[in-house]
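Consider the two complexes below, in which subunit A is the common component and subunit B and subunit C are the respective partners.
And now, the complex of A and B:
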């Protein structure tokens, strides 16, 4: 049998798919940003960007916000990781819930819940009002930085925790036995070694902040931000300007791509090999130190998980129009959904299950091709798979909507484009999850099967696939979680009748109808939580192994 | 609860397989109105025209109109309910004129007799006041807030993004000309979206917001006592909304019956109680009173030519951008 078949053909298929649905739409955005209103080459879009104050202001705000949030996330994340790794604190077993909180509480819902606490008609706002103390403005920089920090610090926490746990304690002991005090030892020995992990997760946070849509639009009314302007340019009630949409999309691609480039360059220059050493013992703190360390770690944890509970309480709270009556309970918010909005739940389930099915199938295939059957196309595939990382959901949505609204393949307005957008956003991570234990599967197993006369296709299904299963399960769960919560791409491309849960929540938040939005939020979290719980408890899937 | 779960499961299954569409005596209604408004209409139609089944496609008016446009060659929609006259004008070639017998009962400004749509309700631009944060006297007119002493205390949505904010800007331009626009630009702070204008006043961020009557009234009716509505004494502006019959609709005759019902006394009275959107009928004084809204003849209205407002848009927005720099 020809060596090129079937894997070469499949590589070709994967390449074609990525070229058509990732490279072509993004290239389209690039080209359209240089086409003026009359259809000729023009740099008008960029001239407007640079000369009309609000665009540059938005770019600058996005960068400032990115830096501020990344910085505070680093402080919070490293601090918490350090406490958890080094000290015994009272409720350290709750800490394992933290990474989950990021999964089960979508960004939109954390924004929503903090608005219910600090914002219009908020719990704390009312409390302060009752005490006669004016509460500071939550909408704007304060709210943005606060909510984004609590949403994103977990990324840095996880990276720092892994690095700290991998740190060889004897290095630290060596430092101290040579007469350095504990604190300088930390600063000179421990922190430099965890720095690469922290910095690269910090850059992930930066790109998440810059591309963030849900929190930005919910809290950034007063602060023009790039992602919100990009969205508005596309969704404007009064018809948008394609050149400006593409220009804004282009600027945000450039911003994120340059950050990713910086990250790769930085990591390539630093390389610490940690010999698997002794994990440092966890010290027991006494007295005020214990209170301080435990208390501050506890506070961070409580604040991270609070949104889920606020939304839960809000969903049972009686409301008249936009005004919430905390303490008066009702089931109205749910019965309304049962009466009117089952279709929304159906849409979410349908789109997310299709996106997960296709996404995971594709990710499994591609990861196998990339790890086990490398050929001339593999490196191109590698690079194409990085592309979705450089673009925010909003930009992906615009790229797909513009790229497929005419010509031989018209997808704009169909359910297919919704599924496609949700699937593409998660693809790079899916491939990473699916291939996580592929490296450990010895080629000889497969070769043995083939040499015994089993065709390569059947060998793949009977031998390799079962071994890949844990990685695939993790990929499936994580893809499901992110697609059910997906807002920024779908909100750009959805059509009437295609509303998903996050889109509905977003629309209700915009009309200031928080109680009703909460009921949808709770349903959204349940839909996310069920497979996660099932995967972790029943199938023993390790979601955070890599 | 069990039944609810069953419903949920059925809906999930149905949406997975796709629901087949029946054909006898039905109307496909594309609507941007809230679910409870739609539910009320459905109940009423079931009562008055039990032979008609209404299939509802809900969404924001922009996405719905674009969908109707995309389906132009294989029409599904029969009726579109509702959007602002200026938005409807942009999509005018999707609609066909229907002279409803109910039109005679409407306020003259909402009859839209030369257009392929009919007014269902109208927004009235108001000043939404938060008494907790206002210092000094409550402004009573547009002219009051153009005064420099209000700088930073008044907010509105961005006229470039929001059609209602544009209607406010155009009204100021009609009343006070270019100078009024410049004064407003110097005083007002902009919100990115329409909802920002009223939610930020309710929140207490601003003392005064330029917004729509219904949006502000929701807070008053909800029990937020510090919110007050001021109908400016120098005259306010209407921003009417309408419904339209789709050209080449698959079920035109039944659609016309629903069209008449949407303009009927009972439905319009019910809707104003639910949404606080001022109805287009002239005979609903009782319903207005019980919703807490003032009667139309107690409000001073400035006549706005909607066509001219649309054609002046680019000029006025340029003036606005320049005045804000």
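And now, the complex of A and C:
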């Protein structure tokens, strides 16, 4: 039927795009991991991986780190959610800044700020030195777990909070009426029902930890980790034999994909649905209990927001080389940027706006095709859209760089590949945001418009697009936020002259130039904050509804 | 003003035939109702006329024009949906103006026509409201104005009243029917509510399993159902086994029902010789038992009754064990029998006989 052709063609276009820029590069990584130095089929990459101690050690370290961070995040997240949901605590409104803080403070800046506090030249480190107390080394397991926990616990907090809020209070009362005391009731009745949400967000945290690049490389010099090793293998072997990078990338893809698969399987098996009931009332706490609950929740919140202030202070602090002179204020760090590094800001703005523009347009189109115009290609599209979730930024960077450095389509080294990498990483989330309203738009709305004489294409723009607008705005803001902060993929593929703010910050941190890094960090956070603020305040976008 | 012709419309989804060859000529200006239970194909047929569903075979004509392959937005139809389908971000005025704007009519004409139609559906003065600020009945009025303001060749309505509460539904029947008569628009109305169908239509097509079982004016379909299915779906009917006495090819039939002889019309011949008697509740008489039942009468006992003022309905258990509904009106209704009373039920000559097989 030719009247359905436009949607079919667009599906075909979307499919082709994803096959070319996601499936093909990943397939390339898979194939190259089985090609030896001589160019023939070989398993030598995997043999090296399994026999040379450091690779296996890195894999094991990554898994241990993932488990540890997930576990502690679960404790912290569920604890905080429990307190926020059940008790009236002072300044509880500030809790709703937490999901924002994760958006506004990129992981790299979080790592940097904690190095400025606990690192070799850190504030607290110096304080302890002055008092003669030995301070535990921050670089390594302690620092990794600490910073990653503060970065990722919010995922579990939000999932647990939503589940607790949705919990029907009368179930709990039913438990109590049958003769159990409040706390045991809570544990026996409530925790099993929020478990699915917590577990599934926990698995997501695990994949984020395993794929994490920024914190891992900033704090993990003494702990070999899979993501850092993958990055190093690419940097040092660029132009040489790609077997090892592909092998490492493959191992990382397999690890993350299997965990994500586990998560999806778990969600599909446990389709628990709570009838939305009465939200339990929040109890007032008195005396030491109030102090304990409020204090510990407050501490978590302060620690989450602190990096922004540390970096802000650091950016105005005079420094000579790595040594920071706290208390001596200067504008030097900013004037240097104005004098020498405006291009970096320009790059960030340029790449991020292009990635946001293309990413959101593509996400809008695809979500419409997937929700409203399903056809034979739709389920393939669904699966292809999951692929970016299974690969870390580093691996995506390597896959793109390897996939498009020769052959008919050479992109490596161009600005296009930077934009592409940033856009692809966020695509699955963009589609989810854009389609959030779409499910509520009845098909009869479009049919009404068509019956009134407006062709299907124009109906989309007249009727559907305005109703999708809130979801599209959320997708645009979140895409912008993540692309402006993107490091792990772009640091693999950038060329001289294409440095973005995170790349510049990363290089300055590596040289231990924290004050200058802080100034870039503040600019980075402002660039993130402006559209977020504008979106939430002026356009009333709900960023965390889905 | 358009005559609508359906020529042997068929539609299959994955080898399941949901429309099994529907042919019908719907004269210009007719209010034509498709009546049937869910899954009978009535909505699919409506969507074929609208153009949202392409038929597997068959043709749709609007007047002389074959529109079978014309895209829906070029068919000049008006459509009213069960969920109203108002554009939630547009005001009432803009909703109604939507089709006129698509036709690039001049602004002053749009203003005049939208005002006129909002007035016609009784919503003058509400043109600046958003749909979310209106009641269900008001929303459906907007939808009706929006569909009619463009002067459609055919008006298509898909269960437009089923989301409204009972009182509003009765009121909206009137609004829709009056506007349809004023504009003389050929209308297809889909519903599963027989009362609606009887009250509003010029023609009712009772659908079953992708076919039209019977088509005719409301009183015709009610009085002369040709199948047990139609008798049950349009109005309520007592259906009892009937054994033919002699040859049943003639118009007037004699049957044995529950041990007594009943006469009435035979609607069509049963290939297997098995028949049912169709006795509307108002076609059964009821009186207190006194002596043995005569011809056309059966003894029974009142199991329950509902007194409703102008009428009383009884549930009566016949001596054979079957139950029937009986209704009495006026004087008779005013002096109801009691629960458990022994009664005599009499069949009058308005009873019909239909083949059992189709039910």
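Rule of thumb we're sticking to: the second predicted complex is superposed on the first by the 539 of 546 C-alpha atoms of A that agree within 3 Å, B and C clash if a C-alpha of one lies under 4 Å from a C-alpha of the other, contacts with A are read in each partner's own complex, and residues count from 1 in each chain.
The rule is simple: a contact is a pair of C-beta atoms (placed from the backbone, for glycine too) under 8 Å apart; a residue touches a chain by one contact, two chains touch by 3 or more.
Just so it is clear, the structure is predicted and the values come from calculations on it, not from any experiment.
Visitor: Using the overlay on subunit A, decide if subunit B and subunit C clash or can fit next to each other.
Guide: On the superposed model, which is not a single observed complex, subunit B and subunit C fit side by side.
Visitor: Return first, second, both or neither, reflecting whether A:463 touches subunit B, subunit C, both chains, or no partner chain.
Guide: second
Visitor: Pick one for A:444: touches subunit B only (first), subunit C only (second), both, or neither.
Guide: second
Visitor: Between subunit B (first) and subunit C (second), which does A:133 come into contact with in this model arrangement: first, second, both, or neither?
Guide: Touch partners of A:133: none, neither subunit B nor subunit C.
Visitor: Determine, under the contact definition given at the top, whether A:232 touches first (subunit B), second (subunit C), both, or neither.
Guide: Only subunit B; A:232 stays clear of subunit C.
Visitor: Regarding the shared-chain residue A:454, is it in contact with subunit B (first), subunit C (second), both, or neither?
Guide: second
Visitor: May I ask you to decide whether A:40 touches subunit B, subunit C, both, or neither, giving the answer as first, second, both or neither?
Guide: In the superposition, A:40 touches no partner, neither subunit B nor subunit C.
Visitor: Subunit B or subunit C: which reaches more residues on subunit A?
Guide: When the residues of subunit A touched by each partner are counted, B comes out ahead.
Visitor: Would you give the minimum C-alpha distance from subunit B to subunit C, in Å, for the three-chain superposition?
Guide: Superposed on chain A, the two chains' closest C-alpha atoms are separated by 35 Å.
Visitor: Subunit B touches which residues of subunit A in the complex?
Guide: Per the touch definition, subunit A meets subunit B at residues 53, 119-121, 125, 137, 139, 217, 220-222, 224, 228, 232, 235-239, 319-323, 325, 335-336, 338-343, 345-347, 349-350, 412-413, 494-497, 499, 507, 510-512.
Visitor: Quick check: in the complex, which residue numbers of subunit A touch subunit C?
Guide: 1, 3, 442, 444-445, 447-456, 459, 463, 466-467
Visitor: Quick one: which bits of subunit C touch subunit A in the complex? Just the residue numbers, please.
Guide: Those residues of subunit C that touch subunit A are 50, 52, 54, 71-79, 81-83, 85-89, 98-99, 102-103, 143, 146-147, 150, 156.
Visitor: Using the touch definition from the top, list the residues of subunit B that touch subunit A in their complex.
Guide: Against subunit A, the touching part of subunit B is residues 4, 7-8, 11-12, 14-16, 30, 35-36, 38-39, 57-60, 62-64, 66-67, 70, 87, 90, 160-163, 166, 189, 191-193, 195-196, 198-200, 202-203, 205, 218-219, 221-224, 325.
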